[in-house]
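Chain IDs A, B, C and D follow the sequence of writing; residue 1 opens each chain.
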């Protein structure tokens, strides 16, 4: 399987930190959070980032775009258990193409890295057409946040 | 983020094909299967592979091991909608290290590739110790299935 | 809390039987299917009933209605574990009001009743207006299936 | 289907209020929270109640009991949409039998009742035996919280 490596750097000073508690229903029969739920944790982080920095799902929708996820990577380092609180740090990469690439680090209460991951999203307009260039609203957002091309 | 590339080849003639139907609760507000649910689809494929080839979660547990997932990659190509039937093809890679690496291809009813992914699992014994070498039962299973080191 | 009792009878000869396998991700840290997932099992049964008897979610949608669930009851008798196959029997009640009331019985492989439940759905049109009488298409469906008012 | 009515009263001054935000993955293709997820919201409320009043899942486990849910009822009044914050109010009923009966009210940001529900849990010891009387630890907890038999 081809997995393209992204060497883009994280945009400095543009992050979000979000904490939540492991839910009982998220823990599997091994007593640890089922690995698929981390994709949901990434989404919690991404949406918290979006709310803080005005680039949430609803903000994007108001601009007549949706941003479906086209790639997910998750590396698991440790486990989370029921009752633990975890913290998601979300970063955005300074890529040139018409994509939103975000990285996530999830920490447990002891500040140990539990897992890290990355998602790539593309821009699709109301007609379902893939945008080849960053939409205007996103280009404006990049400028407002000092992400330089 | 470092993403190690795996260049291992798929073991020939050792696959599984499993079909299921998209559930209403799996479809998001965009009318398509929420991207995180594909991790669950991969697990369906992996377990169907395990049942067909005697290497299921329960079989592994009987040998006093568990095989937590330490890496997931998913590339999305198309969307699935409510009511559609999808088919998961699961493959196992011929890697040398003490890991189970599996690949997945999910197809829609028109035989179009919807997404492809990969999972990596390690062996952990009852005491929680990571196995550095393939456990005996897995080594036997490899031989029985003509996976040559 | 008020819980209205329904004394309507099940319509004879109008049932569906559907089987599926417990998924790993559905099992909680007690080793049994998490109780909330049975609501999803009911939906599997309801949709299988709908596909068999031409009253599925998509069929209803084609008639410009949706049927949101306004009440759920679930009584748990036994547990289901990972790897078990369960069978859902779905029944429809012969109620007079503009509601679809369905009952569910879930059995394990030993034909023991694992849980039973009931859902009530109302008809809402495209404008979001609640239907006070059965929509025409549903009234026709009732006649075709010999449900007598 | 028999649905026993509980006429027990809510214990006064023993409640919990918990708020959370609707997640993207919880919203279905109708744009509203899928009805089954409210069972999970009830669990959030129940566990927040448990943390506040020292009767959480982990506290019960330390006393060598588990408390499986044997009945769930949910009445839906309104819908929740993506991005909304909801508030769960959790109450405990003053029942005599060896059961924990809790009631839940979920409100939207406009303080409108979105749904109400009830869960019943029994006590099961380590050997899987159903307790016919309240376990000692729970009887103590009742006294500490002025729940009079």
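We take it that contacts are C-beta pairs under 8 Å (C-beta built on N, C-alpha and C of every residue); 3 or more make two chains touch, one makes a residue touch a chain.
Because the structure is predicted, anything quoted here is derived from the model rather than measured.
Of all chains, the one whose mean C-alpha position sits at the greatest distance from that of chain B is D. The chain pair A-B and the chain pair B-C differ in C-beta contact count, and the higher one is A-B.
One inter-chain figure worth recording: chain A and chain B are separated by 23 Å, centre to centre, where each centre is the mean of the chain's CA atoms.
Mean C-alpha position of chain A lies 36 Å from that of chain C. Chain centres here are Cα averages; for chain B and chain C they lie 32 Å apart.
With touch defined as above, residues shared between interfaces to two or more other chains in chain D number as follows: 24-25, 36, 40, 43, 82.
Across the complex, chain D meets chain A through its residues 23-25, 40, 43-44, 47, 56-58, 82-83. Remark: chain C residues 24-25, 27-29, 31, 34, 36, 82 touch chain A in the complex.
Remark: chain B residues 1, 3, 5-6, 30, 32, 35-37, 39-40, 43, 66, 68-76, 79, 103, 116-118 touch chain A in the complex.
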